[in-house]
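Before anything else, here's the structure in question.
The first chain written gets the first letter, and so on, giving A, B, C, D, E and F; residue counts start at 1 in each chain.
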Amino acid sequence: MASRVEEFREFRSRMNARILELDNRSIKRFFGVDTLAYQAGALDARTKEMLGLVASIVLRCDDCVSYHILECKRAGVSDAELHEVFGIALVVGGSIVVPHLRRAVAFLDELNEQGLPPE
Amino acid sequence: MASRVEEFREFRSRMNARILELDNRSIKRFFGVDTLAYQAGALDARTKEMLGLVASIVLRCDDCVSYHILECKRAGVSDAELHEVFGIALVVGGSIVVPHLRRAVAFLDELNEQGLPPE
Amino acid sequence: MASRVEEFREFRSRMNARILELDNRSIKRFFGVDTLAYQAGALDARTKEMLGLVASIVLRCDDCVSYHILECKRAGVSDAELHEVFGIALVVGGSIVVPHLRRAVAFLDELNEQGLPPE
Amino acid sequence: MASRVEEFREFRSRMNARILELDNRSIKRFFGVDTLAYQAGALDARTKEMLGLVASIVLRCDDCVSYHILECKRAGVSDAELHEVFGIALVVGGSIVVPHLRRAVAFLDELNEQGLPPE
Amino acid sequence: MASRVEEFREFRSRMNARILELDNRSIKRFFGVDTLAYQAGALDARTKEMLGLVASIVLRCDDCVSYHILECKRAGVSDAELHEVFGIALVVGGSIVVPHLRRAVAFLDELNEQGLPPE
Amino acid sequence: MASRVEEFREFRSRMNARILELDNRSIKRFFGVDTLAYQAGALDARTKEMLGLVASIVLRCDDCVSYHILECKRAGVSDAELHEVFGIALVVGGSIVVPHLRRAVAFLDELNEQGLPPE
């Protein structure tokens, strides 16, 4: 049976492809800007992924949280560092963030059990 | 097996009926105002459904998005027009909107494959 | 088969335990403050649970809504009172709240059919 | 010089009148539902005003917060009770709520110095 | 004395220029996508400005609301049409939107008294 | 005349003091947790302030943004780094963030002209 990590990745990449097929220039270019924003510059990719993660948690988007946890791990962010990102997100965003944190920790646990999927 | 479109419609109409059974005047009247707001007036129903759709996407409510996609299709909004609504929603709301866009496109794809359900 | 109420309670308590295992002081202390805020003081626990509920609905967090419905019932809030909390939440938060209200009423119905779970 | 309380009340009542002049039925009826939702029913007006207040704080609307503080005071909610509403709002909504809390306390202080304005 | 319309336009254009001076490629490209999204395509510019307006109201951003009211007027949207956009925004977003509606109507009134500013 | 930086700092510290005078334990403890979350641990204070900043921008709280810009500068975050935080916030949060970015850049400009205020 597909794990939560696999299911998320399969739906995400299949539907991102569908979105780019829509032939809408604003959407396509937006996706380009999105990629660009996380590339290393004055800040390294690690820091940028943590910025994406904290923003995703306070805005309470589970899929965005899963994605950035995965990218943080690829970029070498340690679990102790991830937990501190969670801590700041919780304090800024309040208890309304807790259910998202539960799912974030469940996703991270699964990722740690399975190992990182191939890119 | 029930499709995503069917499942959504069944739960929605069953629970809306339950909500109206609650015998709470504010809620009942709110539902009346909600219906009224989308009726053709200075703006036609088509435009109003698109307004409801873009608002639902930026507020990131999947069920509201599904509902307004369905109503837009009934009102004759073309897929090319829907895509432009998606584009504006994405630019206004940012990448946090992307997971909702994935589900919106999946819903629209299913609707296009099955044809519109009866009203 | 596990009911919606059971599933919610099992995942919630299992993952809250995992979160507290993370050994992050901000998160742990936040959980302490969260508990403290709902204890009876100038306001009784009943009123505080209703405050938590209305806040959860307008912020549109289904799990938080389920949790506070359960706690409201334990604290003796009647269904008629819950419906008025729903009414205020709907008026303050608008139609974007409706799908969350559908799930809230479904959860409450299930709770009323099964009786309150043990604490 | 007009106080903050006076300025708020003058702009609010002048512009509410303008909005009702717009001759838009959805808006007019929405205002009716809004009034209805806070009338005493299964819950008394006091509790309902506190529900409106906590919802306004977590949604971070300063004018709504000012309005409900004023209505809470008229309905006999004590300052100690208001502070507990603030506490729950802060825990649910997180530190992003703090600047709104600063303005809420400043408004309440001004209200307490001046006495409640005539209705 | 500068009117509210003038003040808004002056700060907006001065600070947009400053933002583009920052020499950050993601930000610059984002501004390009933002312009692109509102250009006529399958939907005309009029409809797109109304979509931008309703999204801005439900997301409760006064400056965005002012901007899109101005652009709607330039694109030939009538006041009766604007009022229906307001009505949908109010129903979708709830009473928390009302203070933003008060400021939107005040801005529109000022615009109607002064006439549209030069582009 | 007081600058924007001064005005912000004066109101913030005066009202924070008032909030702590309220004698509400949840609020007091929340303030303690808030301080704790930004202390150096697995992540240094610099990174944590940037996390607080990006969260504040996407949640669109001007006062929180001003505060974290000030703390970022104190912690040695460069302007080029701040601009990349702005870029990620803009992409995640969308154009609705732009007005807050205008005020953020204006605040940063003022800070750079005046030098950092004493702690």
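To be clear about the criterion, contacts are C-beta pairs under 8 Å (C-beta built on N, C-alpha and C of every residue); 3 or more make two chains touch, one makes a residue touch a chain.
The model shown is predicted, which means the values in this text are computed figures rather than measured ones.
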item	value
Joint neighbours of chain E and chain D, given as chain labels	A, B, C, F
Steps needed, at fewest, to go from chain B to chain F via touching chains	1
Of C-E and A-B, whichever chain pair has more C-beta contact pairs	A-B
Interface residue identity across copies chain C, chain F - same or different by half	same
Remotest chain, chain D as reference, centres from CA atoms	A
Label of the chain whose CA centroid is most distant from the centroid of chain E	C
Length of the line joining the C-alpha centres of chain E and chain F, rounded to whole Å	27
For chain B paired with chain D, centre-to-centre distance based on mean C-alpha positions, whole Å	31
Chain D: positions in contact with at least two other chains	25-26, 30, 33-34, 37, 55-56, 58-59, 64, 83-84, 87-88, 90-93, 95-96
Chain contact graph, described as a line, ring, star, complete graph or other shape	complete
In the complex, chain D residues that touch chain F	60, 83-84, 86-88, 90-91, 95-96, 98-99, 101-103, 105-106, 109
Chain F residues touching chain D - in the complex, by the definition given at the top	11-12, 15-16, 18-19, 22-27, 30, 34, 55-56, 59, 61-64
Partner chain F, residues of chain A touching it in the complex	33-34, 37-38, 41-43, 47-48, 50-52, 54-56, 58-59, 64, 78, 80-81, 83-85, 87-93
Complex interface listing, chain E residues touching chain C	58, 90-97
Sites on chain F touched by chain C in the complex	25-26, 29-30, 32-33, 36-37
